[in-house]
Structure formats: structure tokens, C-alpha cells
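Every chain is named by a letter (A, B, C and D) in the order it is written, and numbering of its residues begins at 1.
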Amino acid sequence: MPTDHINHNNHLTAEWVKQFRPYAKEGKCASYIPALAEKDPNQLAISIIGTNNDEMKAGETTELFTLQSVSKVVTFILACMERGLPYVLERVDVEPTGDTFNSIIRLESHQPGKPFNPMINAGAITVSSMLDGNSPQEKVSKILQFLEQIVGKELKVNEEVYQSEWQTANRNRSLAYYLMDSGFLDCPVEEALEVYLKQCAIEVNVSDLAMIGLVIANDGYHPLLNKQLFPKQVAKLAKALMVTCGMYNASGKFAAFIGLPAKSGVSGAILVAVPSHAGLDSPFPAGCGIGIYGPAIDTIGNSVAGVNLLKHIATEWNMNIF
Amino acid sequence: MPTDHINHNNHLTAEWVKQFRPYAKEGKCASYIPALAEKDPNQLAISIIGTNNDEMKAGETTELFTLQSVSKVVTFILACMERGLPYVLERVDVEPTGDTFNSIIRLESHQPGKPFNPMINAGAITVSSMLDGNSPQEKVSKILQFLEQIVGKELKVNEEVYQSEWQTANRNRSLAYYLMDSGFLDCPVEEALEVYLKQCAIEVNVSDLAMIGLVIANDGYHPLLNKQLFPKQVAKLAKALMVTCGMYNASGKFAAFIGLPAKSGVSGAILVAVPSHAGLDSPFPAGCGIGIYGPAIDTIGNSVAGVNLLKHIATEWNMNIF
Amino acid sequence: MPTDHINHNNHLTAEWVKQFRPYAKEGKCASYIPALAEKDPNQLAISIIGTNNDEMKAGETTELFTLQSVSKVVTFILACMERGLPYVLERVDVEPTGDTFNSIIRLESHQPGKPFNPMINAGAITVSSMLDGNSPQEKVSKILQFLEQIVGKELKVNEEVYQSEWQTANRNRSLAYYLMDSGFLDCPVEEALEVYLKQCAIEVNVSDLAMIGLVIANDGYHPLLNKQLFPKQVAKLAKALMVTCGMYNASGKFAAFIGLPAKSGVSGAILVAVPSHAGLDSPFPAGCGIGIYGPAIDTIGNSVAGVNLLKHIATEWNMNIF
Amino acid sequence: MPTDHINHNNHLTAEWVKQFRPYAKEGKCASYIPALAEKDPNQLAISIIGTNNDEMKAGETTELFTLQSVSKVVTFILACMERGLPYVLERVDVEPTGDTFNSIIRLESHQPGKPFNPMINAGAITVSSMLDGNSPQEKVSKILQFLEQIVGKELKVNEEVYQSEWQTANRNRSLAYYLMDSGFLDCPVEEALEVYLKQCAIEVNVSDLAMIGLVIANDGYHPLLNKQLFPKQVAKLAKALMVTCGMYNASGKFAAFIGLPAKSGVSGAILVAVPSHAGLDSPFPAGCGIGIYGPAIDTIGNSVAGVNLLKHIATEWNMNIF
């Protein structure tokens, strides 16, 4: 893709951000911790990165935000690398539920209480508990290293966010102790929670998100590093999970009307992985990663402006895996 | 694709059927009605049809079987054509549930009782109720006509199967009356059930299934008729539903490990739609439809030999939408 | 009890009715059928009958109303007489649920789907299905005969109410078909529903209710007929069910704060059975039956003025089984 | 009651214990902690104490065992005394559920997550959290003092049992953190749990249990101390709760077939309160308390031999509140 094209497209993304920013009014910043509640709800940023590192971006692209639930994809991939698929799948299923992200009902109603998928809190806490490392710090370091390799720069945990999350983590503690009781936790509850909440508090910008999306889109192959970072099968599985369970209990509607593997977080982050074959007519025919940030979320937990912006792009560029 | 290639491939499918037929032993024919219970559990048939009508097939390809839940995809598409998407989506959601196909719990636990998706019985009965026609016969005629246009031959309802289903339909009646009570049924219960159970009892063979799959794969365009039979958006939506909810409460695992839009029925039928971009390296780079029949099903309702055969093909031919 | 005393007490009940009638404003008449919706919400009537036929009454005591759920106690007793306890208890449990009267969730979530108790719709429909008789008419006749023997006069089904109920019975049909599917219905669904809905539409006044309550209070012995109408064990069981499940999902609170066996109906009826030992200090030391009618019900289904009036009497007269 | 009568009755209870001890074979000692698992499953002891301190007893009457869930009645009464009924009832409802004692589903499915009653773990933990005291030790001291006043001797927490419970309390922790998250916990989780688990580990013998039962039976009045220990209304409420929710999810059956206020624990303890009016024909016409210990419990959590023994006594002596 020639630079001109990208410049042209940067105008395009700027236009789009302008067009979709007003949708933020239909949502609200997450309010359960101050660090999220105090964000500017009108922000909207996007980055799209292709296999040859072409990037289109617009909006508050330097704004840092926490991964929140987007991290669930990352640690799931890491756990599969460290433990192997059979080990992971013995402890967490890959079925969508239609329930809210923090639901506990199914752990009791479906014996033996195996979490249904790694994209809801219960499953993600189980995944965090099985990461490699002798301490929460070690485990979190491995997550950071894995992500830093992908984004090519140092990342860190936002300590303020982490501390706030830690103090309001009662529902997650409830989930974790339930999992512990039924045998689906690999390490002590407080360790698993520390890892889980720290992974949620890792800070990135939209370009970082887009880069993560690009590697997933590329089946684990990092086009800039010329390196396979994780197995193709794990990447496919991650994308399947993003489609069936990635957008909380609006995943079905997202698949139906947008049709791209994506994972959202209550910070307003959306990670999108567009496989090459899903965007043959787009400016990124070899696939791309998309990172979006729009902190005003709907009641389900997804960025309102972000989802609308993404729907527009997917339609405009005819990107859809179905 | 030259004929030689296909002949070669027919040997291949014959080989595959031979290889995967023994998996049937791990399942059992559906037992709730005699017409299904008496089927030969060891049968296994497959047909794969490409855009230029090339067909690879093997096994009991002339065996007739009833669509059962596979019909849910068909009537959903038809309802969208007849009523328009907004009308349909107001009455049935498109979220996966993780519940069994005949579950009623969510109709009560999630107000206002809108069925979660059209691939479970509750949603499919709602869809059947909204089809166009002044009588169940008229509605069923329209379903048959729609399907006959796709497969290019006359189809009919297996009356024996229908009668048996009708007499054992208490659980479906329970669902239908519940839907009626909460306002999610467009016609009287008995009419909706007649349509629903007759659509389930439509008889096809694997080539018919493959042809239906081909048109869905092709976004509603029938390559032999050179005709757009239904809107592209409806086809995409149907494929999204097949991926998120098509294989009962094993849909997540199917998406994760096979990664193709598919819909199964308790008759042992599996309908698969492989979009062009999902099979670029396969003998059907422009996409294909796959029909499978293997009546021995697992406890969830999916053909055991069929799923294993499909997994093998998807892997061999590198077909995957993710 | 001398006549003077009762006359004095009639002034008392009149006073009480006057005092508690205004509570009706906090409720509303049931609205799902016109025959109930059109009732005068401000009516309040009470009858208290002792073992020597002394009656205290006040308010609209000649007003006829339908039994609705109050009939559940009656048919449960009748089924126990006709089939014997073991037969009945094999088909319906006696556990309270905390769920609404028309809930279906537990039939699916607690295998094998045996209804939890005969005071919720599911259980009551099962009970109706097991009554003796070759037709719904015969079964309803037996219910009427049983009740007529108790109240000493002819009773009949309010046809208008029955017809309205029949036409809006979708939720009950849903329950009945579910029960049929899991094997907890003894006769065809439509027959069971006809019996169930007709028993609900039997018309009585508060004196009739009080007389039914008196016989239950007296462990099945009718003091005026000098006759044991049903076994003591069945009467005890009925009273236990009234305490644990008789007031819909407010039964626990009713037991906690009023402490008397009672069964309510959405018509605003309340049947109360005060065993002799529970009212030793009351004007009815040998026990009594209480019938109350106050059609303005709360969201749970209980007469607002009726429950408050009853609480007052129980406190004043120190009547409590605990 | 003359001493002769009681001596005669002691022979009777000895006879009964002999007769019902074999029922223990149908149960098993609770196995989740060693201290309970190692108990002798064949033990069976009973004490019945009347208002004039007459005691009938038999079996292993000096055996000490922990209160477990029986303590829920005690702390509920204490909380009502310390905080007043309105405060307590704002934080815990009094409705039976039909669910297992450690179920968490209803906290999520019934907003705002108020525990349904104080006899299930969720409700009992809430109650423990609202007890008066600046530390868990202080709160436990108050429970012990309250009980010691009743039984007239020093009681203590079995530290071994408490330590074991503490280490296996994951499910209770899950409940407690859930309650904390929804605002139904009055103190930090670990404090509430310490109080809850220590109250469960208080050691008594059957005579102690019987004495507690006697005071509850007597509406809070201690006949030996000639002192009202807690308000009559609280005692009535406690007995109502024992009837509707006291025997885990077999409470309905226990009420139906035995008809006495009772509370069981997984240690095999059963506390029974027989109000005066419920046993007019028994050797204890002024009411009595019954304590039973039989560590072999059924799958629901109730002592098998204990329940059968109690049913026999209730029948023989015609004791029943209904």
C-alpha cells in the first residue's frame, strides 16, 4: 500500500472518528472505580495496522487506557502456549453462555462447575491461575513480556487502577473462591486474583491494541518480527472465542452484524483481528489489526462509539469472516 | 476444477467415509420417535458441491433423512426475506446461550422472554410462527418452494416422521405456549407447531444439503441459477448464527476446532457453508456447500462420525473462517 | 360460646373490616381476565366459624368470588383421599420453592422435573390430572361434591370466569405440556387443564371459605356433620403445605409474622385453618376456620387488606401455631 | 410429671434409640473435614427436657458434637435481640427456597441479592456479620454467653473443627464475597466468616441442644431461670423459620410428616422446639425441647437415624404444630 493511500485513509479515519464520536453520548464511562469513571467519555480513537506496518489512525491515539477484559484473549493464548491446549481445555470450556461477564449461576447449575469460556470473568480467572510462574509478579511479568514482544515497547500495569480494582473485587473474589471450591483454580485465590486484576490494568494505546490484533489476525505470526509467536491453532481458537464470546453478552449480535473477531473491555477498548481472507476488498487485503478506544460504554460493557465506528468500517470495506 | 480432480477426490471422500464410519459406534440414533430410532446407525454419507456444480460424494448418498434442526437455518432465512430483518429481530434475538436446544429456563429468567436465537427450539418456533401464509399448509408450501428452488427438485415432508413428532411434541408445545403467553408467537400455537414440525420432517439427501450449504456459502447467490435468492446480509447473519449457535451446546467447541458455519439436526444431518475466503487452499477455492449424514448422534445431538469427518476435511483442506 | 359474645364479636369484626378496608388501596384487582379485573377493589369481607357453628362475620359476606389458588388445597386433599398419599407424593413433592406461582424454571433445573409442591401451578395441575373420574366433568363433579359436603350447600363453577381463564391459560398450558413431557401428568393436558381451571372458578362466599378452613383446622373432622371427611394425616399435611407454601412466595413472611396455615388466591380469597391448640386464648379455643375476601391483591398475589386484617386478628387473639 | 413417669420414659427412649440406631446405616458422616468424618456413624443420642427440667435421655448423651447449622437459629435470635427485627429483616429475608444450603444461584437471579433466609449459608453469614462486637472474638463471645446462659454451663469452640472448616471454607467465602459485593454484609468478609465458622464449631451434647430447644419452645422464656431471654416475637419467628427452612431442602417434607420446628446440622445434630400446644397429649404437655445427635446424615444433610427417631416420637406422642 503506497503512503499516499494511507494518508488518504488517515483523512478517512479522522472523518470517521468525527462522525462516530457523538455516539459516545449514548453510553457512560464505567463507574465502579474512579480511574475509569474520570475518563473523558467523548474520546474516540482508532488505529488500523496492516501486515507491512502501514497504520491508519485518528482521534486520541496517544491516550493510554487499561486492557480490562481485552487481556482475557492475551492470557488465554499465553496459557495455551505454556500449558498446551489439552491442559487448558480441561480447566475451561469454550462455549458461549449468553450470560453477563460476571455471572456465577452457571458454575453451580452446570456440574462440575467448569467455567464455560475464558472470555467471561470466571474462565479468565481460571486461566490466570494456570499461568507459569512462582509468584503473581512472575506471572504478570510473563504477560507483559509476551505483550511487549508484540507491541515492540515497554508496557506496564497502571498501579492506581490495579489498586482500585483490588479493593472492589468482591464479585471476582466470589467467583474465584467458587472456582477454588470446585477444583478449577490452579493456585491460591489471592494470587490468581492479583494476576487477573493486574493483567486487566495493563496500559496500552490504540496502536498497541491494533498490533496485538494484527498478530492474532495473522494466526500468531508477527509480520514485522518475521516470527511465529504462538501456534496457528491457538490463534484460530482465540479468534473463534472472540467471535462467539468476545463482546460480552452482545457477542451474537456483533457476529451477526459486524462479523469480525473482537474483544472488548469496560475501559472502552476493542481489539479486532481481521484475517486476510476476511478483508480481501479492503485497503488491507492481507489482513489487519484494529484497536479502538471509546470509554463511554453501554450497559453490556461495550464502547458505544467504538462498536458503531467498527460496524461502519466493516461495512464500508466489506470486511466480514462469514 | 477438471473432472479428473473430482474423480480423484471422490476416491478421497470414499476413503474418508471408510475411515470415519467407525466413529458412529460412539453415538446412538435419536430414540424419541421410531422413524429416527430405526435408522442404521452405521451409515455415513457426504457430499461436497462447489460453485461450478462439481460434486464430491461418498457413502449412502441416496439415503433420505429429515432436516430436523437444520431446517431452522432455512426458515430463519425465509422469515427474514418475508418480513424483513427488523421485524424478525424484534421477535428473536441472535445470542448464543450454552443451553440445550429445548431449554425453557431462559424464557422465564430473562425478561421479557424473547427467545435468545433462532437455532434453539424456542426461537425456531417463533420464526415458524411468523412465516407468511394463511395456513400451516401454505407456510410449509413456501418453505418447500424455497428449498426446491435451491436443490432443483421436488421435496416433501415425511408424513410418518411428522406424525410421530406431532405426537411426542409436548416439550415443544410447552415452549410454544410459553412464547404465546409472553407475546413472542405470531400465530396460534398449534399452527406454529405444525409448521415447525413439518419443516423438521422435510426429507433430503446429502447432495441436497450440500446445495443448500453452497447457496448460503455464496451469500445467497445460487451459482447454477445465476440468481440471488436471498440478501447477502441475511446470508451473513445466517452464517454467524451457524457459527455461534449451530451445533447445539457444542457450538463453541465446533467453532474453536473446526471453524466453519454449520447446522446439525438430530437426524444426524449436518449442513456446512464454506465461504470462498475460508477455503482458499482447498479444491473448492470459490467456496462450497457440504452435506453430511450420520444418524448416530452424541448426547448433545450432533452426528459423531459426521463431526469427526468434517474436522478431518477442514484440517486437511485448511478450511476455516478464522 | 354464648350468643352475646358472638354478637359482641360481630361488632368487633365490623370494626376491623372498617379499619382494614383502606389497605385495599395498596393493591389492585387481578387484571388478566375481565371477570376479576372488574371486581370492586374496596370490598373486604370476613367470616370466622367455630366448632359449634358460631360465626362472626362482617363486610360483603354475601359476595361470591372464585376460589382460584385456594382450590389447590382442596384438590390436594381430594387426590390424597382418592389415590392415597404414596401415589400422590410420587407425583408431586412437598417442598417450598421461593419462586412465583407460575414458575417453570425448576421443572427443568431439578431433574426429573417433579413439581416441587401442590400449591404452585405446576404441582396443582399434576394433582388435578390424578383426580378420579372418566372425564373432566366427572372430576369437577367430585370436587364440587366434596366441597358441597363441607359447606352444606350447592356450589358451582362460574362459567364466565372459567371461559376467560381457558382462553388466557397459555402459561398454564406451557406448564402442563412440560409436565406431560416429563411424565408428571396422569391424563391428557387439555383434560387436566379443564379440571384445574374449573376448580379455580368454583364460586364461594367467605362463610363457605371459613367452613372449609374449619374442617381442615379440625383435622378433617366436620363438627356439624359429626363426620371425619378425610384422614387426619392428610389434614396435617395440608396445613403444613399451607404454612410452607400457601401464600405464594410470601409464605415465609406470612408464617413468620402471622403463623397460621393459610392459602390465598388471586381473586383475593384467603382460606385460614386455625387448629384448636393455636388459638387457646381466642374466642374460638376449639379452633376455627376463617374466610377472607379482599380482591385488591399485591404483586405477589395476596389480598392486601385481607393479610393485614388477618395479622391484626392473629395478634389480638394470640393465634399462632408456633 | 412424677419421677416414676420419667424413669419409665427413660426406658422408652433407650428402647427407641435401640430401635432407630440401625437407620444410621442409610447415611454417612459428613466427609468434608476430618473431625466430622472420623465420628462413629452408629452413634445415636436423644434428650428431651420439659419445663420443670424433667429430662428423658438415652444413647451417647455425653458425646460432644459441633452445632454446625443448628447455630443459625441461635445467631439469628441473637442478631434480632441486638439489632432489632427491622434491621435484621432489611438484610435477610425469611422465605424458603427449595435450594441446597450452600446455593449461590439465587443471590444473582433474584435482585438485589438479599439472602432468602437465615437458615441457608448465605443468610447465616449475613446474620453473623451483623452481630454486635468490635472483633470476631467479641462476637463469638457474645454467642457463647447467650448459649451459656441457656444451657447453664460453659461452652467452647472446638478449635480443631474450626481450623478445618476455615481451611475448606471456599464455598462459604464465595458466598460471603458475593454478599459483600451486593451490600448484604455488615463487616469484612474474613471477620464474618470467622464468626460464622466458629459458631458452627461450638460444642454441645444432646442435653444442651434440648435446653436450647426448650427455651425456643417456650417463646424465649427460660423456665429454670424464670427469665425471658428473648422476645416472644423473635421466638415465634425462629420457630416459623425452623418449620419452613430448618431441615435444609427437606424442610417441606419434615413439616409435612413430622410437623415440629426443628433445625439440623451436618454434624448430625437436630434441635427441636415443641411448643406447649403442640404436645398436649405427650408426657410434656407444657412443651419441651429435644436434642438429637446421629452423625450419619443423608445426602441433604439431615441425620438419618435422628429424623426417623423424631418421626416416631412425634407420632407416638401426637406432637405436631398443625
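Quick note on the criterion: a residue touches a chain if its C-beta (ideal position, glycine included) is under 8 Å from a C-beta of that chain, and two chains touch if they have at least 3 such contacts.
Going by UniProt, the chains are A, B, C, D = Glutaminase.
The model shown is predicted, which means the values in this text are computed figures rather than measured ones.
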item	value
Separation of chain C from chain B in steps, with touching chains one step apart	1
Inter-centroid spacing, chain D versus chain B (mean Cα positions, whole Å)	56
Mean-CA-position distance for chain D and chain A (Å)	49
Rounded Å distance between chain C and chain D, as computed from the means of their C-alpha atoms	32
Where chain C touches two or more other chains at once, by residue number	109
Full enumeration of touching chain pairs	A-B, A-D, B-C, C-D
Touch list for chain A against partner chain D, complex	103-105, 107-109, 170-171, 173-178, 180-181, 189
Chain D - residues contacting chain C, complex	93-99, 106, 116-117, 235-237, 239-241, 243-245, 249-253, 255-257, 259, 261, 275, 277-278, 280, 320-322
